[in-house]
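Before any comments, here is the structure.
Labels run A, B, C and D following the written order; every chain starts at residue 1.
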């Protein structure tokens, strides 16, 4: 195994001790870098510790630069990495500080640094190993088509209601355009209710009442969809079929058929011999 | 097949290629027309592109006019279409631009053009084909009587609470009338909470607390209703049909029909022999 | 049957045609009377139609007076009715107009007239006959102990959080006392969020974030309780036990056992003979 | 039994009549003490009854002091109690009034007295006996890993969305820093919606719309998790225990143990014969 292969295993894989350790270090550095971005956005903190933040920012940028170079070197087809989603994210989230040396423009700098947020999604790769999240994500994926139809209906309702509220309340009460009316409807339908815009005329308040009751009623729909999907999970994850009696609805941890008592892990051949 | 019959098949049916294509074109034009209405309502956009919008509006109106005339010509009983729900919607949403040539009144014009929104519901006819929405709509239809009783209770509670809040808080704190009190109760009970009106006196705040806890507790009811209905769907996974009486909703572990007592695993041939 | 007995049957019972008709008339008059109260509370309407309202109010009051007298006359033990809950409500909601003839005090008058609201609950007696609401109310009754424990926990959390927010944010940010802090917590925990009071300090906003996530998480609890109870309903309403094989989990509309095919309505004696 | 043992049984245990009575008295005094703290925080009440409150505060403090001393005396290993969680809470919540005799500082006094809130959690020990809360807490405990993954996703989303809103809306519209953006996202995602900060630019309102729809959609996830867990409870209605291996979670229609394949209806005697 060459040193390139070793580096590849550490950076790209997670099945060795050093590979896992590298992933953990990477997550810590990403989180530290994000904390820097967050704290630097708070004016009172930024004024005091700006110099410290710049120093730390440079350390992190150099770490990311080394990581980026190693990723390119250790892979057989560097193009595959460079033009992949994470390759571009890694490049764009590392480069801004170098650019800021040449051009001074803190606004543009900040907006590119925010791309580091996307690196967080690498963390999700770890979550995949835990397996605990799989039940949730399977249930969500299966419910997706139903939820999309639900969202489609919500958008149609928002459209109709947004136009009506624009006509009823009008610009003088804050409903300055139909998009604002749609925005208000979604704020109301989802029971968020900021209150930045709210009906003032009696008719508008009456329509708002109907929309709220509708929103209160239909919140049950996505809940029902996901719950039904999750309850299904409860008893159908075991796909084993008993070779003796053909019973198929076994408990997840079943080793014997609950109907005839035959061992579930015995195949057809076992029976014949 | 005469040309009228051909036109009828294209406009009214959706089981031929051209019929489906026409439906898609219609939806695109409706959505484009709605986008126009929406964008024209935003003052900053309207000031710049008003002339373009007027031109596009005329093109769409002429398209809808041709569609309307073809619908009348190609049907055997034109009256059935003209005085149907969609017939009236089509007429009212096409006419405003022609009227605006004679009388100038942009407000009234806009309000009639908004009727085009109702045309969107034609899109739902397409959704019917997808079949994906059917589980949701079946569960919703079955839950409807229970949800209506629930809404009825909510309205009674709103009435009582609205009057109490009107008496407790009074006009000086924004509760200017009992309808406003009812409006506030529904805003609170559905957990929307705009904050345009809110209790100020300690007693009012205490009553508001009770209403909020009530609302938080009863949100479970519509959710429970719909979920129970959807889970029910889950259980009818047994797709066996009784060969004797035709009953199809059997329990998963059923071996005999619960309606006529006939064995479920016996096929038609078994009966005859 | 004396005339008193006839009046009793019409007023107190609902199993004859005239009895039902009387109930419907009563509900209409109560709703009309409530509509009067509601409309009279809207200042702009009240100024115009006050005289009409007073006249209608007198007609309704006289109707209620006659009903009240008939209820007393037609019952064997008038005391039972007069000092019952509805007896007192009927008396208090009828008397205010007569009192206003002697003393002039519209505020007190209004507050007593609002008692008519309680008469609406008589309408619920009708709802009882429909039977459609019974599944909902049975599930709610069964979930009650669990929901009470849930509410108890919510109140404890509100108490703790209300005190913390009072200490953290203090009177200068609107949290003028611990009860106000508790009120704010419940507004937040139930996801109502009026925004009349909201955290201003970073620490307060951080604690608010935790409370919101908690509220978002625990809304699942009452929902889960009611849903589980309602799903239970789905398959356990049929309490029949098969006399042949002892199977007990039958479908609601089952006439034969799904396990052995034996008729469910046959008793033990039928088998022996 | 010495008097120390008797005191121990009364104070620490709850299985005797006097033990239970003591617990009830303790809860009443704690609640009374908390009511005092709450009422004293309301300025208008505090001004009037401050002297009464101080007197009652002293009576309660002396009661707590006696309880604290008895708890130390009656236990075999006083250290175990003194340095336990409740031991420290008891000490810190009793001491402030004594300190206030020496140093005058009402603010610090109040903040320590608030520790008495923690004593309320002793009340939960009583709830444990009721058993009614156990189903809820078992379902909650089992759902915990899934809910944590859910909360983790919510936090990632809040982070991303908070940064985007900070960049899009900027400090001039109230989004003064990324933490404020995260705070706003959680306010919105949980459908609380205070309205203290809200999007003003069209792009910000569009993103807010997406976040609200997301929040509305994902509220189904914790609900689904808890409900599925609670419904699971429903399914383990089969209380049979396998006489061979002791497994107890059998399917409703199980005839053989799914773990060892032993017939479930055979009793111990059957095995021996």
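Here is the rule we go by: contacts are C-beta pairs under 8 Å (C-beta built on N, C-alpha and C of every residue); 3 or more make two chains touch, one makes a residue touch a chain.
Each chain and its UniProt protein: A, B, C, D = Ion transporter.
Everything quoted here is computed from the prediction, not taken from an experiment.
With respect to chain B (Ion transporter), maximal separation of chain centres occurs for D (centres as means of Cα atoms). Where chain A (Ion transporter) touches chain B (Ion transporter), under half of the residue numbers in use are shared by the two copies, so each contributes mostly different positions. Judged by contacting C-beta pairs, the busier of the interfaces A-D and A-C is A-D. Chain A (Ion transporter) and chain D (Ion transporter) have Cα centroids separated by 29 Å. Taking each chain's centre as the mean of its C-alpha atoms, chain A (Ion transporter) lies 41 Å from chain C (Ion transporter). Touching two or more other chains at once are residues 179, 182, 191-195, 219, 223-225, 227, 231, 253 of chain B (Ion transporter). Contact residues on chain D (Ion transporter) toward chain B (Ion transporter) in their complex (touch as defined above): 191-195, 223, 227, 231, 253.
In the complex of the two chains, the chain B (Ion transporter) residues touching chain C (Ion transporter) come out as 145-146, 149-150, 152, 156, 159-160, 163-164, 166-167, 171, 176-179, 182, 188, 191-195, 198, 202, 205-206, 208-209, 212-213, 215-217, 219-221, 223-225, 227-228, 231-232, 235, 249-251, 253-263. Listing the residues of chain A (Ion transporter) that touch chain D (Ion transporter) in their complex gives 34, 37-38, 41-43, 110-111, 114, 117, 120-121, 123, 127, 130, 132-133, 135-136, 139-140, 147, 151, 154, 179-180, 182-183, 186-187, 189-196, 219, 222-227, 229-231, 233-235, 249-251, 253-263.
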